[in-house]
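In the part that follows, the structures are each spelled out as structure tokens.
The following pair of complexes shares a single chain, chain A, combined with chain B in the former and chain C in the latter.
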Partner chain A sequence: MLITLFIIVTIGFMVIRLMPGNTMYADDPDMSAAQIEVLRAKYHLDKPVPVQYVIFLRGLLLEGDWGTSISLYVGVPVWDVLKAKIPVSMYNNIVSLMISLPLGILSGVIAAIRKNTIVDYATSFAVVIFISVPSFIFATLLQYFAAFKWRLFPIIYDASATGAGKLHSLLLPILALSFSPIARVTRYLRAELAETINSDFMLLARTKGLTETQATLRHGIRNSLVPLANVVIPMFTHIMSGSLVIERIFSIPGMGGLMVSSINAPDYPLTLAILIFYSLVSLVTVLVVDLAYGVIDPRIRIGGRNIE
Partner chain B sequence: MSKVYAPDDPQFADLGPERFVLTQLDDSILDAKFETKPIGFFKDAAIRFSKSRVSIIALIVIAIVLAMAIVGPNMNEYGYNDQNMDYINLPPKIPAFAKSGIFAGTRVLLNRRVDALGDTSRYPEGCIVHKSNYQVINGVELCDVTVDYYKYSGVDDDVYFMFGTDYLGRDLWTRVWRGARISLVIAFVSVILNSTIGLIYGSIAGYYGGSIDMVMMRITEIINAMPTVVVVTLFILYFGNGLLSIIMALVVQNWIGTARMIRAQFYRFKNSEYVLAARTLGVGDRTLMSRHILPNSIGPIITRTMVAIPSAIFTESFLAYIGLGIRAPESSIGVLLSEGQKVLMHYPEQTLFPALLISVLMIAFNMLSNGLRDAFDPTQRGA
Partner chain C sequence: MRKRPLLAIVLLIACALSACGTPAVEPDPDPGSDKPEVYGTLYNYVGTVSTLNPFESSETAGTTIIEACTIGLYEYFPNKTGDGFVFEGQLAIGDPVAKNDEGTLWEIKIHDNAKWENGDPITVDDVIYSLKQVMDPLLLTRRASQVASEYITIKGAVDYCQQGNSNSVPWETVGLKKIDDYTLQVETESFATVNDVKTQFSTKYTHLVHEPTWEACFSADRTSNTYGTITGGWMSCGPFILTDWTEGSQFVFERNPDYIRADDISLEKMVFYVITDSNTALEMFLAGNIDTVSLGAAAIEQYEDDPRLHPSRPGSVTSICVNIGNTKNNNALGNKNFRKALFYATDREAIAKLVKGVPATWIVASAIISSVDTGVFFRDLPEAQAYLPPNNGYDPDLARQYFQTALDELGIDKAEVTMIYSESSSTTKAVSEFLHKTWPEVLGPQFEFKIEGVASSLASSLRKSWTAENPNTYELAWGGWSVSLTDVANGFKVYTGWFNNKNEPHYNDWYDDLWEKANQSERGKTDNDYRLDLCFEMEEYLIDEALTIPIYETPGRRLINDRIKLPLDDYKPAFGWGWMYAKVVD
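Presenting the complex of A and B:
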């Protein structure tokens, strides 16, 4: 994992520094040649790229120094910029995941128990729609109707709000982000549970006198939740990339807007830091999946030990 | 007493050939021919596919969109980048629907002064269709006016735009279908490239196995470990946001899924008897791969391809939305959506058509891929 991270950092750094037309400050008419020289020297831009890379890595590893923003927030350390933006994005993503999990599990269970009834068909239909239609379409719809037409929610994010007001102004983006994860969890759980219901231990549970619903709730779900970890945790990465657009639509000052504006500015130290942040999150997710397997289902851990 | 043959039994003494009679001489008793035709793999799948009504509808919808993407941009005289400052932000107007109220080219203007309504320099003759919601605020009488926006803007009667126009007076009908064309081209080309690369890579890894397989799979793991957003961003940063670089950005990671699937199929079939038989007969590696093992995975390949298309369309519009994809004045579904988003509050119809198009396309492709999966592999039905 560390090797992968190192490769990503290296490739990211090289790509960003070797970009065609990357002559920073060179064409600024307001500065004299001497000033440009000083600035370029300050950010080590006058040195060869490998040397810049070593300087960057040394600063990052030894002092936790991510560099300094050079055009978007001039002079502000990159880490300070990120520190302000990450919580906003994370709040959205985590709340969205918190909403989608119980709702998805609930509707998946209902669809599985009432299999081949009108409830099941309606759920399947909704699932197809929510999985197919992109999250930014939902965001646009919600923004137009719920916020603009019916005036239930603020149209864009209200940065001054706190507590319940913050949730209120973030509810629409969170909703738009949640539709697709809910549908995914529902579809997965329905398929899993439909298979589990036909297994022998479920027959036994019903034989000893439990009703179908009781048997499903007490014995069926637990077995279906194990493979769900495999779907849910990568979903976090999915939600995160979806929130890039959603943040833009609702003017939320999060990572998404920052990434785009840092690319367009261009502000290379910032872009690099954001890319590293996204890589880090997705690598951690993969790690969590691997670890979660052992915790949720001990059979996997024991099985692994035996093979060794 | 049973009649058991014994050589010394007198009743069997005169057994000559003349005492034997052939019971059947008239007709031959070969196996009866099948009365029905044998059904091949594809025919079987086609029968199952055509039984699913949803898949057929999805197929028809996709066919219509494809046809419109081909002919749509040329159906009227406006080009996709013909700007006309006289025709800015016109609502959709279709002559056939003019009476019905929708697509009639009308728009509601809120809170207009009642005393100014007679002013023909602001409200040209006959443009006011309906007045409602009278109210008095600070002594000024206000009302909501429904106007024929074409007359209101001073556009000739015989001019009409079926999907309206955007902020530069460009015809949205042309732009929507051209956008669909661009998005579909990106999706199809990238998916074809994905499948081809994945197919070759996966076949080699799966067929040879061992250390070759291990090295090849390790490479895919490293590529796959990088987050998609980062890879696509870096790719477009470096190669610019032309059509080709977006297609390539969609290929960088997406071939891995196909490669893994093909590899698994090869592992399943490469040790089966028919492959052994073919190898014993002296069939070479390449022929074994392409003629004997690969055809077994054609079903999953097609299904995967169909799943990949909507996700490519999604990624393209996603990129355009965050400003990394196709750029104006070129049109794509994502470009139209992000342009419409800017004027959503005032002119929602400019977002409506691209949003509808992408939703319908995505749903249709997902339905189609579900149908294909069920058709090729009935055991997975409903999963």
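Presenting the complex of A and C:
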């Protein structure tokens, strides 16, 4: 994982720094050439890119220094900016994930048990809609109807709210983020479970006297969850990418707006830090999923020991 | 017992629903109470504001916020009759007074009753400290060179702020001195007028910072400062006190009773939400959550006849920057006839319809005034219209003639030109596609035109990064300058040879001389007619040379709630909308 992260950081740093037209304060009509030169020297932008990379790595590894924002939050350590923004975005993303998984599993199980009935058809129809339509469209629709027309929710995030009030003001963006993951889990689990239900061990379970529901809940779902873990990885990153746009729609002061602003500014240290953050989250998610295999299916754990 | 979970769910839903509805809008106090002129809350919105540090802020939205809660020496205020504005002292008392005949030594008196929000008195020490910090050689703030030298050049200031860590230029050499606690002395490098001095000290980056708070925000090596940022401290001293700031979300201001000109302020409170999505802002306005919204091109038609609509003159001209130093096609873009072919091949009227704008064939934007004293717009002067090409500069036959002449002069059969545009701007994308279709139609098969969408930061970088060694960073690109709305001559600097941040590699001594006469000569500073004549000459030259191809302007369109009475009827350049001076009339 660390090697992967190192490669991502290296490529990210080089891509960001080597973008054509590496000019600082390009939008500033009144800054003198001499001042720009001094500023570039102050932030090491006058040095060759490999030297800049070494300076960055040394600061990050030895001092935990992510650098200083050079354009947006001038003078503020990048880590301080991230510390303020990450909790807001992660709150939305994690709550969305927590809603998506159980609801997706529930609807997937129902659709599989009621295969080829009206319930299954309705679920499949909803799944197609939720997967095909981007989350920001749902966000716009929810904002228009639920917040603007029906006045059930605030139109934008209410920064002064706490507790239940905060959740209330974030419910629409969280819902918008959740539709697609719910549909993905539903579709995947329905397909897996429908196949599992027809397998021999399920027939044996029913022969032993278990009801259809008991057999499905005790044996079917557990077997179907292992491949489902593969879906969680892209799902979480999918939620995070969706929140980039949704945060803007609902004026949520999270990482989404920050990423776009830092690229446009341009604020290289901030862009790089955000890139590292998202990479780290993705890598940790992969690790968690790998570990979860063993919990969900003991055979994977035992198989690993036998090999040793 | 089995009903308890159900009961809990019902209670939970009831709790959640109790919090439903629109954000609470507090009732305004009774207008007939003891303070009839001071009541009400203005709900407004701004775009992204990353910092309140007046020396580093570069966002338009930041200006609105910073000016609401800080103070400077001079400022624009609504006049008593409500039909215009005056340029007066904010912290300063009266105009600067010249102390020598050369116009290089000035004294500015300041009020002795100004305070910070914590009660600390404001003296000349605060003014000098703030100006010292903005020009600090180690901090090297974004606005250092502008404060050192823009409308006036403060003696020794340029050398001081650009000395780096050499410590070779002491602060004492800079022409800013304390005469007494309430008198500031300013020494300039060359002749300056009263208006020059006032204008220099009216920008947000000359506003004050609170010394103890600022000092506490320094990094250990004193090369960075977090004042007014997500992690740093803040101290208000302006018309309003910033009472709550949730970065990226909202600003809440309360009227400052200790503000020197507190009588000018009628609002009790101002709330600014941070909204970057135009549809969200419109919904917020229509739902009554904010009192004003700026309309995007897509929404204009729907509200064209709305009595709440307030148009405003555009402050910049959207133009095509031409890289005249590009060496492709035998340096075709360096050929005047080639550029003029592009100029006259542009159907600006059709483009203006497309973007809900106004066709523009000029350089000086419509919002720029010819004189602060008269308030007359430069574009409304007959002399400024005399040299504009007819038919909004669209003449296909003339364009073809210029094109053929250019090909002959360049000795080429065919020219291929590429224009870059920002992918994130739907407007420039639409106009680029329109030109992609129409330019080759007008100029014929010998003209091949390509367009290339890039990230906005990249488009900006490519436009700026040409050098003598690497001249081909771009060929055509979108641009538009937002220059001073009150000083028309100053804005022409972006085409001078010395201007470092140029879009086009244009160097012409004759033009530079015109600019210097208009801006730096004693006659230019004191004789407005002479100054304007030079401006006409510079603009005519730029249009004729087609160094940049003006295409359209986009007037501002803003819906303002009926409950808000603005200090002036409409938007005024330099003064703006005057939200701080608005009244709630419901």
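Convention: the second predicted complex is superposed on the first by the 285 of 308 C-alpha atoms of A that agree within 3 Å, B and C clash if a C-alpha of one lies under 4 Å from a C-alpha of the other, contacts with A are read in each partner's own complex, and residues count from 1 in each chain.
In this text, a contact is a pair of C-beta atoms (placed from the backbone, for glycine too) under 8 Å apart; a residue touches a chain by one contact, two chains touch by 3 or more.
All of these numbers come straight from a predicted model, not from anything done at the bench.
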Q) Overlaying on chain A: chain B and chain C, fit or clash? A) clash
(Q) By the touch definition at the top of the document, which applies to A:Val74: first (chain B), second (chain C), both, or neither? (A) second
Q: May I ask you to decide whether A:Val286 touches chain B, chain C, both, or neither, giving the answer as first, second, both or neither?
A: first
(Q) Looking at A:Val15, would you say it contacts chain B, chain C, both, or neither? Reply first, second, both or neither. (A) first
Q) Should A:Tyr144 be classified as contacting the first partner (chain B), the second (chain C), both, or neither? A) both
Q. With both structures placed on chain A, which of the two partners, chain B or chain C, ends up touching more residues of chain A?
A. C
(Q) Just checking: does A:Ile129 make contact with chain B only, chain C only, both, or neither of them? Give me first, second, both or neither. (A) first
(Q) A:Ser199 in the overlay: touching chain B, chain C, both, or neither? Say first, second, both or neither. (A) neither
Q) With the two structures laid over each other on chain A, which partner does A:Thr237 touch: chain B (first), chain C (second), both, or neither? A) first
Q | Which superposed partner A:Pro253 touches (first chain B, second chain C, both, neither) | A | second
(Q) Quick check for you: in the superposed arrangement, does A:Thr211 touch first (chain B), second (chain C), both or neither? (A) neither
Q. Once both complexes are aligned on A, which of 93-101, 129-137, 219-227 or 237-245 in chain B overlaps with chain C?
A. 237-245
(Q) If I apply the document's touch criterion, which positions on chain A are contacted by chain B in one structure and by chain C in the other? (A) 19, 140, 143-144, 148, 155, 248-249, 263-264
**Q.** Footprint of chain A on chain B - complex, ascending
**A.** 222, 225-230, 233-234, 237-238, 310, 314, 317-318, 321-324, 337, 341, 344-345, 348, 351, 355, 358-359, 362-363, 365-367, 370, 382-383
Q. Can you name the residues of chain C that touch chain A in the complex?
A. 15-16, 19-23, 48, 50-51, 53, 56, 58, 139-146, 150, 158, 161-162, 164, 219, 223-226, 229-232, 244, 246-250, 273-277, 279-280, 283-284, 286-287, 289, 424, 455-458, 460-465, 473, 481, 483, 494, 499-501
Q) Once bound in the complex, which stretches of chain A touch chain B? A) 1, 4, 7-8, 11-12, 15-16, 18-19, 128-129, 131-134, 136-137, 140-141, 143-144, 148, 155, 191, 194, 237, 240-241, 244-245, 248-249, 256, 259-260, 263-264, 271, 275, 278-279, 281-283, 286
Q | Complex interface listing, chain A residues touching chain C | A | 19-23, 25-36, 38-39, 41-42, 68, 72-77, 80-81, 84-85, 140, 143-144, 147-148, 151-161, 164-165, 167-168, 248-254, 257, 261, 263-266
